[in-house]
Amino acid sequence: MSIKSGDRVSCSYAGSELEGFFITERDGKAVIKLDSGYNVGIDAGLMKKLETQAPKPPVPVKIEQDESLPPLSIVSTGGTIASKIDYRTGAVTSQFEADDIMRAIPGLAGIGRFSAKVPATILSENMTPAIWKELASTVYSEIRNGARGVIVTHGTDTMAYSAAALSFMIDTPVPIVFVGSQRSADRPSSDNVMNGLCSAAAAVSDLGEVSVVMHATTSDDYCAIHRGTRVRKMHTSRRDAFASIGTDILGTVDYPSLDVKLSGFAARRRDAEPSLDDRLDEKVGIMYFYPGMSPAVVESFKGYSGLVIMGTGLGHTSSECIPAVRSLVRDGTQVVMTSQCLNGRVCDRVYDTGRDLLNAGVIEGGDLLPEAAMVKLMWVLGNESDPGKAAELMQTDLRGELGRCTPHGL
Amino acid sequence: MDYEKIGLMAGIEIHQQLDTAEKLFCHCPTRLRDVDERCGEFRRYLRATESEMGEIDRAAEEEMKKQDRIYTYYAYDSTCLVENDEEPPAPLNAEALELSLTLAKMMGMTPVQQVHMMRKLVIDGSNTSGFQRTGLVALNGKLPSGARIESICLEEEAAQRVEGDTFSLDRLGIPLAEITTGPDMRTPEEVKEVAAYIGMLLRSTGKVKRGLGTIRQDVNISIRDGARVEIKGVQDLGLIDEVVRREAQRQQNLIDIAAELKKREAAVGEEIIEVTDLFKDTESAILKRAKCILALCLKGFGGLVGKEIQPGRRLGSEMSDYAKKCGVGGLFHTDELPAYGVSGDEVRLLKERFSAGDEDCVILVADTRKKAECATGQIRKRAMMAFEGVPEETRKMLEEGSSAYMRPLPGAARMYPETDVLPVDISEEYWESLELPELITDREKRFATELGLDESLAKQMAYSSKSPLFEEAVLKGIKPNLAARTLLSTLRELSREGADVESIPGRDLIFLLLAVEEGKAAKEAVPEILREVAGGVSVSDAIEKIAPSISEDELVSLIRKLLDERKDFVREQGMRAVGPVMGVVMKEVRGRVDGKIISEILKKEIKYMISS
Amino acid sequence: MSIKSGDRVSCSYAGSELEGFFITERDGKAVIKLDSGYNVGIDAGLMKKLETQAPKPPVPVKIEQDESLPPLSIVSTGGTIASKIDYRTGAVTSQFEADDIMRAIPGLAGIGRFSAKVPATILSENMTPAIWKELASTVYSEIRNGARGVIVTHGTDTMAYSAAALSFMIDTPVPIVFVGSQRSADRPSSDNVMNGLCSAAAAVSDLGEVSVVMHATTSDDYCAIHRGTRVRKMHTSRRDAFASIGTDILGTVDYPSLDVKLSGFAARRRDAEPSLDDRLDEKVGIMYFYPGMSPAVVESFKGYSGLVIMGTGLGHTSSECIPAVRSLVRDGTQVVMTSQCLNGRVCDRVYDTGRDLLNAGVIEGGDLLPEAAMVKLMWVLGNESDPGKAAELMQTDLRGELGRCTPHGL
Amino acid sequence: MDYEKIGLMAGIEIHQQLDTAEKLFCHCPTRLRDVDERCGEFRRYLRATESEMGEIDRAAEEEMKKQDRIYTYYAYDSTCLVENDEEPPAPLNAEALELSLTLAKMMGMTPVQQVHMMRKLVIDGSNTSGFQRTGLVALNGKLPSGARIESICLEEEAAQRVEGDTFSLDRLGIPLAEITTGPDMRTPEEVKEVAAYIGMLLRSTGKVKRGLGTIRQDVNISIRDGARVEIKGVQDLGLIDEVVRREAQRQQNLIDIAAELKKREAAVGEEIIEVTDLFKDTESAILKRAKCILALCLKGFGGLVGKEIQPGRRLGSEMSDYAKKCGVGGLFHTDELPAYGVSGDEVRLLKERFSAGDEDCVILVADTRKKAECATGQIRKRAMMAFEGVPEETRKMLEEGSSAYMRPLPGAARMYPETDVLPVDISEEYWESLELPELITDREKRFATELGLDESLAKQMAYSSKSPLFEEAVLKGIKPNLAARTLLSTLRELSREGADVESIPGRDLIFLLLAVEEGKAAKEAVPEILREVAGGVSVSDAIEKIAPSISEDELVSLIRKLLDERKDFVREQGMRAVGPVMGVVMKEVRGRVDGKIISEILKKEIKYMISS
């Protein structure tokens, strides 16, 4: 059939002639948007093409930027901070140009002068270490070119991994702020506007590290600023899904005032050049231990440069798995122990299996989050070939990812 | 008014809450709650999203005018993250879909082959998501009266406004059938009849919510040279014809005003003048405390702004409605002044500022400068519309049937697909398998003819939500009249007394009525027994307490004893004694035995006594 | 050397003769407990045996049980609810006999009449599905034999897994209460006494399901009663490590009053026989998805009866992994999707990769915890051979493990 | 008192907080906090754990007597889950271990080959875990005085008691060196000397905490026929000899009392009698409001219970200490009555109840029945001990050097291994590599002889924590006297005035003193400049503000101007004018130039003036 999406069609149905736009065909059903605005699915064979309506190209209205404001960069990886709805076809499209983003979030224009880069356009679950490198190099260039802060829009699924990756890959004097939305940008209730404005406020603030800025509560009242190496998505769908684990948040951005409050321990903006070190050893995995796990699961990571185990409790696997772990280590895999408890500190000195794991060559991951541990291990192995030094680096706090003490209340 | 002559056209949209077990897109119960039972609250902003053409929906844009668009929501232990707009919707509720399709079939409609849920932009705060999910379910039906049913949609109910910008989430997501008729009605009475008929159809399913606010009619009205106006939220069917009448009147008056304005060569003044100084010593409290008073002059509008266009409503009221969108309290216009503390001198000075004459009208708005400026803009906009006659509007019904402006009629550009809900195919087999319920009107006839209820009781029973229970009772052998009276009158009376009759399960009612039929409890004791049951006593305990069963032997001995005590009287009166002694026995057994049985035994015993 | 642990030894050191008890030898160093109580490590060669002191056998003092109290059973798997210290040698031994436990937690004697069973003595990280079966059958017998409640003492590492396992394997009319301690029983600050007493209070309460009773806060103020299928260890070391996820707690036990408060939705004690269904298909694993994961990791679960994936966000893997998942399903592995977010609900209808996963045959895990999902999958596959019915069971709430709605505030 | 004759033996245990960066088993700072800064609190019970033999440690058992054993803890943003007993300890702090080994080496001790950390049971609440971690580090040293050092242990400091059962966690875990001498001292003065010498050794490391509570001495004392008594918490070295004296006296008196009791054939009455009724109309407020008053009679104890055994302490006080463990406030005994509102009649009636005579003593306890019963038991126990003379006890020091009973001496059965901390090997290489610090006494001599400080200043400087800064300053060329006086007197004076001199970094002090040496600021301006710096001004700004540098040219013109104004006077006085004019110049330059420079120029100019 020569009917294309957006074509005007009609069909005889229910004793009347229905008219509308053809949207798509799925499983033999044509989806038609009636003039009432409703979509219905109808046998594709019933459809008659009326006249071709070429979709009008959106009129690009140039947004005037205030040259007196600080230069900010929006780097997009495909997370939608802005989108447009074509009510004629019902299609929702993501927006990546600075102009589009500023039109969708009008308040941005009062915060900075924006430029936009799109190093990748993917669903965040398809993120890979290779794209982290591209992302890091894009962000690095933007800072080199004078951006006073960089906002990275990112799908929320793997945002914490990417934020951790950039934390290690870039030594930044200015804020690199990851932001996303848990409710799609096309809906009036989307968290994109508040998160977007708060991330921009954080990007011009005195902060000087990689962070994630997202809703702190289910209300539109303020955003939390999380450290990139300490944040985790802790809910599948809520606005306030992101949580700092094992540390306080770096600060808050109030909404709608956009007042930024930073904690004393948050790194501050510096007058320095950024540095980029984007070597990663990508052959690193995560393994979740469970009761009765076959040692074959451990063995399946043979040949890996690194493996992060999510053990039980203080960082354990069954005794049965320890020989397999020992073999892995002997064959050159760096194995780091973290805990599936997520909160608290790994300590393999207390129980027998723990001590056996230490003897097998497992590195205690302290209070590293498993995800941050994986990213760090990739980075450490990409930069340090000596296993002993690599192990030492894994136990050294480089980007606030490791806490020496676990504060009361956490 | 000659409605044919003025070309009245009216259609209705009926929104009926469905009485399903769960909500349309989550598994929460469809139960309303008291706000005091809330277990949490949160606050959100909503904003109109940009469309492909860079246009924001005009209804949404109107909402955006409000300065403070933060909404507060109350959550309950019977609501969930779906209502909170914090979780993707569950699949479409199959029970609700079936019910809407059943309704469609009852009205001779054709179902769509595949239902697609849409998001309809609503940013007045009543939907946490900023849209209402709605899907077109069926098309093109016809009522016996000939009125066309254009469509039936399955929608989610909005959150209930508690006050101001605070909403309660218990109602959000209750399934709602939206039935839209064609604009086929030509008189106010016809509108009422169609609405009533559809209401009857809905109730015939036995699965719609009942009670205040569970059904709402929107009426679309236009007259020739007028415009389509939608009046929302007519909850009382009794007023629907009056609403139509008044809107027809309003449109006719606006058309007349437009003609008069053209004749007068009226014009809306360009100038907005600040007149705060003029009122610094005014007696009007509102004007006196205002930070800023702005005025504009409507040339040639004199007398027309104050003209009544509908009971209690003037052209000035329409302008005021527009102005209120900016957050101001209202306006003053010189057609109604001097009054409200504004003196004649002040009016004179005000008019002088604009060099305005008697044929002109000056309008005043008092508030902060920002709000007042917004409001004068709105007033100018509405004044310009007056030249065109009737603006297309969505209006809300006021108490007596008049209406006030709410927002422009929403454009069509406000729907896009709800991608979180998968489309649902409606197969022919499924459609064929749907069984239609008996219409209440048919049921009413059946109750009267087959079960012998009198006409009024038959109607009452047929419309009652208790009618399935009634039918069950009759099937079990309870006399229709006893069942109907108990379920209707007795329960209603007890309820008025304050007894919690709603808590009495149907099976208890049947158990009790069976006991009556079996002579184990007297009909007369039913109210008292039910009162006990409503208080938490089990039905068998209540029967035992109020009407402990008396064996026939016991009854006979009791009667003999009583007769013995009245031997002389009985001997004297003979069978005439039955009546008086009957009263005594009844009092003794306190409704534990049916009067008929007592009467039989009594007669026998008296007969024996006088014969012995 | 013929010196044994507990022998009296001396050695010349630091110009004096040190005397004490020989404890052990480790890495060539003899560990000696000096008479001052201190241990020191000293070259084993310096040690001279003095006289053999046979450790006195502990005097078993019989504890009188109150026959008027309800019969309760303590089933131990090796978690230490009670222990004894031999200050002479410094050795700490775990106690499993009812007598010992009641001596260590004197308050127990006022709550019930105890019997004790020890189906296994292992570290909880070495727990296996096979031991779950033994445990289930032991608990089942105890209830059959009249126990009004069963307390299962268990190491905390995998307690949540075991509690979930018993939830499915036993349909119980009386409380089955799992309890453990996060601080070892040999220390005065141990949580064992409070947890033990609170678990006993829960075991005689009106509860009628499998639960975990542990500290609710860091203070010794009250314990939370968690549903066995909804509880997770969320901290490596804190007393209040256990948390109910996606649901409220079943109730609380106040301390020291031991008042039990049950929530309305907690199952109540019933007058019925228990039933046991301990069939498990043990070939079920958990896989943690991470960005850049090789499909080979998915493939390594080939041949498994079931696999629980911990996906990102609403339940995603990368598109690259989906073909491997499809193959697994095609080859007969039931794949259930859960989320590494832990909180919230999996929903694969919203995004493309999700829909692709559904098309690949993945079962949405709703708000199942990954651990509960694994255990449930073992049980479902052990009982239902029809894949369609098994999938349906996985999406049916059997033991409160699945919530139909996610309440506000969770 | 002839200490040789009574056979005095004394030893000390010194507990010294180490000034390490981090705590012994976590990475928190060793910083004390104000309780108002706490960020959280929690409550815990502690209970004695059963040992293999079924015995509970007797000290722990004593604590268990207290009815309410729940402790409250304050946490800070500088404490962590290790202090909270919610996380396993980190590995042993290497800095602390090195410091304790350095101390060991300074005292000629032998290190253990492998340090094993132990858990020492402490359930008074001061340790959240219920035990104190401690490890034996070294053995058998000797001081120059000949006193033997038995051992040095590395321990964790306990939590500080805020009040009652509330503790503050900031102090918990600070490393503590415990140095134990042999029981080798024979006179009170010797005890003091040894304690002072060890104190000097500790401070010589420069890495011990200073200030109130950072060092605590426990003294072990016994005399012949007495018993070993440990007096805890002697914080003031000046009192330590007095403590020994008073304990020797106490033991002697108790021995004498024991002899007297035997002579009198005294006995502790079996009977405990409730005498609440006796005091129902008493004037004694305590007795009047008591729920239960119990009494017992000590036959033959009359006069002895009230006998002073130490200034301010009687045998009755010892009994009272024991009774207080049950939570009672104290006791009354007839040796001190009538008094405190108890009348002579009441005493007589009381004694009559027991048929007690003058040689007997009746003891009263008033509280709830439960507590009073517990207390009378304790009193009987202590009374029985009086026959033996001196009980082995742990006692706490009271203000003037007397002491009160705390608990029995702890048994040895209270330690078991800390399995969460791995043992640490001490290799010979490592031991050899440890460098010993200069002793303060050596430093004192060096300061006097090599740097020419006078004796008192040398001593003060050597003991001061500022001595490293002093040495740095001298190395940089600052005159020792200037440096010493500034660091000691000037700073102390400013501090007394309220200036925050602690906040002034050492490098600023050196910068300023170098400026003085270079003539850029006058010595006289130092206090004022430092006051500014303490107030937050940078040191260079402060110099510029207080003493803007004056070039020599400017100084010369100033002097010439001043001389010119005093031409006559100068001509008249000649070189004698130097003194008076000097004063005027000094006032003008307000310390901006060193007096010596002024004086030189002034002399030259006057010389020139008179010669011209």
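In this document, chain identifiers A, B, C and D correspond to the written order of the chains, with residue numbering beginning at 1 in each.
By our rule, contacts are C-beta pairs under 8 Å (C-beta built on N, C-alpha and C of every residue); 3 or more make two chains touch, one makes a residue touch a chain.
Treat the numbers as computed from the prediction; the structure is a model and nothing was measured.
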Selected interface, A-D versus C-D, where C-beta contact pairs are more numerous: C-D
Whole-Å separation of chain centres (CA-atom averages), subunit A against subunit B: 47
Whole-Å gap separating subunit A and subunit D, where each centre is the average of the chain's CA atoms: 55
Centroid distance [mean C-alpha coordinates] between subunit C and subunit A, Å: 34
In subunit A, residues with contacts to at least two other chains: 236-238, 314, 344-345, 347
Residues of subunit B engaged with two or more neighbouring chains: 81, 84, 86-88, 419
Chain contact topology (line, ring, star, complete or other): other
Subunit A - residues contacting subunit D, complex: 314, 344-345, 347, 349-350, 404-410
Subunit A-touching residues of subunit D, taken from the complex the two chains share: 26-28, 39-40, 75-77, 79-82, 84, 86-88, 91, 419-422
Contacting residues of subunit A [partner subunit C, same complex]: 123-130, 155-158, 161-162, 233-238, 241, 282, 285-294, 296-297, 300-301, 310-320, 339-347, 351-353, 370-371, 374
Residues of subunit C touching subunit D in the complex: 13-16, 18, 26, 29, 31, 34-43, 56, 58-59, 61, 83-88, 90-93, 103-104, 182-183, 185-190, 193-194, 217-221, 236-239, 256
Subunit A contact footprint on subunit B (complex, rising order): 42-54, 57, 60, 70, 81, 84-88, 109-110, 112-116, 118-121, 123, 128-131, 134-136, 138-140, 151, 153, 412-417, 419, 423, 425
